[in-house]
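Below: the structure, in structure tokens.
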Amino acid sequence: MLQHIIQLLPQVLVDGITLGFVYAVVAIGYTMVYGILELINFAHGDIFMTGAFIGSGFLFLFISLGLMSSLPALLVFLIVIILSAMITGGMGVAIERVAYRPLRKRNAPKLIALITSIGISFILEDLVRFIAEWKTGNYIVTAPSLFNHTFTIDIHSIMPFFNNAKFQSSFIVVLVVTIIMLIGLDLFVNKTKWGMAMRAVAQDRETASLMTINVNRVISVTFFVGSALGGATGVLFMLQYGTIDPYIGFILGIKAFTAAVLGGIGNIRGAMFGGLMLGLIEMFAAANLSTLTGGLFGSEYKDVFAFIILILVLIFKPEGLFGKATIEKV
Amino acid sequence: MNVLEVKNLTKQFGGLTATNDITMTVEKNSITAVIGPNGAGKTTFFNMITAVYKPTSGDILLNGHSLVGLKPHEVSKFGITRTFQNIRLFNEQTVIDNVLIGMHQHLKAHWVGTLLRLPSIRLEEEKAKVQAYKILKYVGLEDYVNENAGNLAYGAQRRLEIARAIAARPKVLLLDEPAAGMNPKETKKLTDLIHDMRTRLDVTIVLIEHDMKLVMEISDYIYVLDHGELIAQGKPDEIRNNQRVIEAYLGKVAAEND
Amino acid sequence: MVKEWFHKFSQSSRAQLFFIITYVLVTCLGLYLLEDSASAIFPFLLVLLSLLILYYMKINVKLKWAIGFIIIAVMIPLSASQGSNFQAFMDVGTLVLIYVAMSLGLNIVVGFAGLLDLGFIAFFAVGAYTYGIFGSKQANHFMPFGHYPLPGDTFWIFIFVGAIIAAIFGILLGIPVLRVRGDYLAIVTLGFGEIIRIVFNNMDHPINITNGSMGISQIQPPRIFGYPIDTPSEFYYVALFIFILVIYVVKHLENSKLGRSWKAVRDNEIAAQAMGIPLVKTKLAAFAIGASFSGMMGTVFAAKQMFVDATSFTYLESTMILVMVILGGMGSVPGVILGAAVVIILNNQVLTDLSNWMTSLSTAGILNVPDALSPSKMQRFIFGILLVVFALYRTQGLIPHKNKKVDAERLKREAAAEPPYGNSEAKTNLEGSDS
Amino acid sequence: MKLKRFIPLMAVLALVVGLLAGCGSGSSSGKSLKVIKIATQTPLSGGSATLGNAIKLGAQLSVQDYKAKFAKLGYKVVLAPYDDMADPKKGVSNAQDIASDNSILGIVGHLNSGVAIPSSSVYEQNHIAMVSPANTAVELTERGLKSVNRICARDDFQGPAGANYAVKTLKAKKIFIIQDKTAYGSGLASAFRDEAKKLGAKIVGYEGITVGEKDFSGVISQAAATKPDLLYFGGVYAEGGLIIKQARQQGMNMPIMGGDGLDSSSTVSIAGPAVKNVYFSTVVGDVTKTEAGRKFAADYKKQFGKDIEGYSAYGYDCGGVLQQAILNAIKKNGGKLPTRANVETAVRDIHNYDGLATKVDFDNKGDNKYAKIYIYKFDKASYPATEMTEIQKTK
């Protein structure tokens, strides 16, 4: 049994890391907004989805303009991902303006923002669906693939107890781009003026506003950055899996939110780690659960497995893996 | 007779010692003050008595029963209630409901009985409301019965905390900086109230306070903490002239110049 | 002038009574006369509106309840009974009652006790499967004794069995929950809800308990005195019965010792504990009682649908119930009822009718839309817009929560009759109840 | 407070509208052609809307094609599409709505058996004939309801037929099965598994996936490690296409097989070139082989701007069966409007209806006697696939 699990390990790691990085970047969007507004932005998953659709829209546009043959794939990809990120970033800001800021102004209870975010999420899903269906006749869109060369890690010949792992060239792109985004974000938050302002607002909004920080501006920036990252991840997702539909955001959103909590919500590094961990757990469970339980529980229990791990983590560390325990001053 | 005894109480947060080896006794029906500069460990001391924190070592005895290891709500059942330095009212509820929650442990009503509308429970509820009204009147809040607690003025909120605490009919009442933020007139009223509570309610009062005038005026006995250590104890007059206390409060140099 | 007139009107309970009775009679008559399927929805909604108007009237509370009961239990079914829409309306009515009861359950958890729960539908599932399994042949697969399906007469027992089992699940959920706070709690409950759903969807193996994704069908209709209950108009009364039970429980607990403890825990955990409120017991009671409402309605749902499978219990359903609670006004019982009713009637009646109407316009050639934008697909889109609009314009919920006020004058009188506050008196007054 | 002031205004307004509505209702009839409605109830929004929409559009085309025949008798058929959102609750609630509209005489639907089963109880109570294009769950017709019919094959026919082909023709000895944990997918997969076992193949794995996800590499690595001769998938194209693609990426080049859920152009567009060497069983013959079929596909493309799906033809045939039955009932009734019960019997009595995709003749349970299974294979990345064989019902 153990031998079987070890054999699969290289492939599970490769797949788990891919999925994990996607979760990680989306989770960051949740965590950033939560850190500043203490709001679970349910619409974030749908911004991710919209990013994927905008990205594929650009790809189709480039193909119809005949740019694909004249430009190298990597360049096309960079243009697409940057454009999509800018648009989704702008969308994030707009959503915040329309749906969240008025509530803040009116001093509404925290949970009412949940309603608007769910409403926005419904609107985005259907809007994207209408447009996709109108333009392509089907809302399940398969994007043209840019990087589909298959590589094999020939680990078997070095360590014979492992099976070989295979991956697509898109895997490398996903990996490199997400790492760049994660490092960039980390630098942004920790080294720049805006990042500092963000952290200040997250810590204490009132004091920050007394220190002449324009809180609304900071919130807008946060939404822009979080949504741009989400949209860019959508493009990566489209690249890696090829097929997208308007409901990917809903399903992935739950997972990413889970990842954010696992790492300690409000904590950006926690979200990165939580996402990666959740991806690996899921992949491991899908590949090995039935081996582990002798066929009693199959891969259909992978989410149960992931949630049980989450609950266990929270029981022993209620503030998440990276969250700081807040001792309430009595 | 000693109602409350604290023996060698120590609390460490990580490597930091918040209170170290404190021993004190509180006599029944007395007013005892715990004073000391900011960060002396006074509130930590209260938190250990009310089981919000678990002491690292030492023992707390109420009428000879140890309180260490109990849950906060169990301590309250033993007869210790408190007010909080940073006011902790139930802000979204009415003033009278705050007091009724204070009576929680004395109300027998079980939810099954409530649903069956047992006459005894309805009667109990009615009586409790009248009682709560009387308590509010006693602390001078009878005009705000239906107001939300969060909407009260600062001084009124402090008094409501006291009302809520005495509604639990404690044997020992812990007051954590009851006069903080009050103007002299309000402080005067508070002083009278504390005095009156002792005699009228047959309760032992322990208070943390920075207002020395108030402390000296009402305390029977005073303990002084500094940096988590008990540095002095005695009657108000003894404390007033204690060199170490003056040093702790004013700094060594200032004390010498004095 | 209108203001003046309205002021006068609002002072006179007789005028209001007259108004509400006239209103109900006229709208009911409208509903009665309209057999045509397309426009019957208007009088139906107007009759329902009477309940909202009733809520805002300044008349005797008991009279209010009585009138409300008559409208719900007699006037609506009676006046709708002549039209072909009867069963459709009653079906929506049954759904409204089911979801109102669930929202009231969730309101205890979220609104009263302040515990954010994103997996509330799990308890509904537990109730539905409880009756589903034993009310069909399914139980034969694993029960060592007995013959199944159990006859429909046992349904009435199962309402309470469902409540109890759901309550037990509520307590099970409560155990990990006691350690986590705030939004961490949300994700634990979300996980719990998903776990329950996935497990139910897979329990055909190794032992076939829930029949997995094939679902359980041929569930026995309930029977009363040998008479089977199988139309929506009959289930309406079953749901109404439970709804009244739930309302009774909620109204009595809300301002009782337990209700106050919930709100105390919500407002300030540390102070609540210091006042002698046990956190664990209080939170678990909220979960258990809230869950039991869902469990009861779950059994009704299973019996009404005659079929259960896991697709009815997704995470989206949990969020919809949460939407009903927040939209209506957290902690506010009338608000939550209105919230649930608005969401269900919108989704199951108004938006369906609206899209049918738009479809008929487009087939008649009046409205020309490409298939991708066909109005029959727009229900969720419109619902999304409505949610945002509602939330922006009623930030405290449709009917915000108000604390119950005591009669201060009466208390003053009664307190004056007793000796003033003090120790001796305090003892004699309450000592009897102090054990 | 504002609301309070608003209420009486609203109430007065409401009263007026109510009265107006009450008065105005009587005057909206009296056209030259009597209107009959048939409903469709399928998911038009949500994850499986492509299939649901295909059924609706197919039925819509059949209504147009029957227009002349009804006009001759003085009737006009109108399609009333309902969105069941793949939600059983919504399905039942719509069913009640449908029942309340007396002009609706029959319904085409549903897509999901989980919705069809509870909703059909309502149809049965109201004698509304239901003709299902897609519900393969055995349970549906086993309950002996008079109103429920289907033109597609049951899982216990399609699954074994596929297993037969897999084991006997493709010589598969080790089979790995993946299913999507829906009523459709797991019903089909378990029927396939049982028959394959009986025929002597070894099932080396039987795993479930989650509908709506896009990454199935975990299950696929598990499958790849067992080195099966055949991978079977019980589910629809949205996940199936990705499983095919991801399996090929991991170097699984053995044949992959599925049920009629893969019978869609989307399978090809999602899986791309990986779709080669994929087989599926379906009840629909190659529509584009016949003249009528080609015309249908062209009309469909012209009218709706998209290519036909497998279910489009099912939807068309269901609409056709239903309307033919209504025509028969009208004739039997001497040209007068038939009752729902008349239509219910007429549907069950349909004999040798020659549909686009299949011939239809219902047995006493409402199953189609003519439901045939065809096995198709994708030789290249294009839709439709190549027909390999057809299998007659043996029972």
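We call the chains A, B, C and D, going by the order they appear; numbering starts again at 1 in every chain.
One rule holds for everything that comes next: contacts are C-beta pairs under 8 Å (C-beta built on N, C-alpha and C of every residue); 3 or more make two chains touch, one makes a residue touch a chain.
Predicted model only: the values in this text are computed from it and were never measured.
A centroid comparison over C-alpha atoms places D as the chain most distant from subunit B. In terms of C-beta pairs in contact, the better-connected of the chain pairs A-D and C-D is C-D.
Subunit D has its Cα centroid 34 Å from the Cα centroid of subunit C. Distance from the subunit B centre to the subunit D centre is 71 Å, each centre being the mean of its Cα atoms.
A straight line joining the Cα centres of subunit A and subunit B is 49 Å long. Residues of subunit B found to touch two or more other chains are 52, 84, 88.
Residue positions 45, 49, 181, 208, 304-305 of subunit D each touch two or more of the other chains.
In subunit A, the positions touching at least two other chains are 126, 129, 137, 250, 300, 303, 330. Those residues of subunit D whose C-beta lies close enough to touch subunit A in the complex are 45-47, 49-50, 181, 205-210, 212-219, 221-222, 224-225, 238, 241-242, 245, 249-251, 266, 269-270, 272, 304-307. Residue ranges of subunit B in contact with subunit C, taken from their complex: 50, 52, 71-73, 76-77, 81-82, 84, 88-94, 96-97, 100-109, 111, 114-115, 117, 124-125, 127-131, 133-135, 137-138, 142, 145-146, 148, 164, 168-169, 200-203.
Residues of subunit C that touch subunit B in their complex: 248-249, 252-253, 256-258, 260-261, 263-264, 266-268, 270-279, 285, 289, 403-406, 408, 411-412, 414-415, 418, 420-423, 426, 429-430, 433-435. Residues of subunit A touching subunit D in their complex: 4, 7-8, 11-12, 15-16, 18-19, 126, 129, 137-140, 142, 145, 150, 163, 166, 168, 237, 241-245, 247-248, 250-251, 282-288, 290-291, 295, 298-300, 302-303.
Across the interface of their complex, subunit C is touched by residues 3-5, 7-8, 10-11, 14-15, 17-19, 21-22, 24-26, 28, 44-45, 49, 53, 56-57, 78-83, 85-90, 92-94, 96-97, 99-102, 112-114, 117-118, 121, 125-126, 137, 139, 143, 181-183, 185-187, 208, 304-305 of subunit D.
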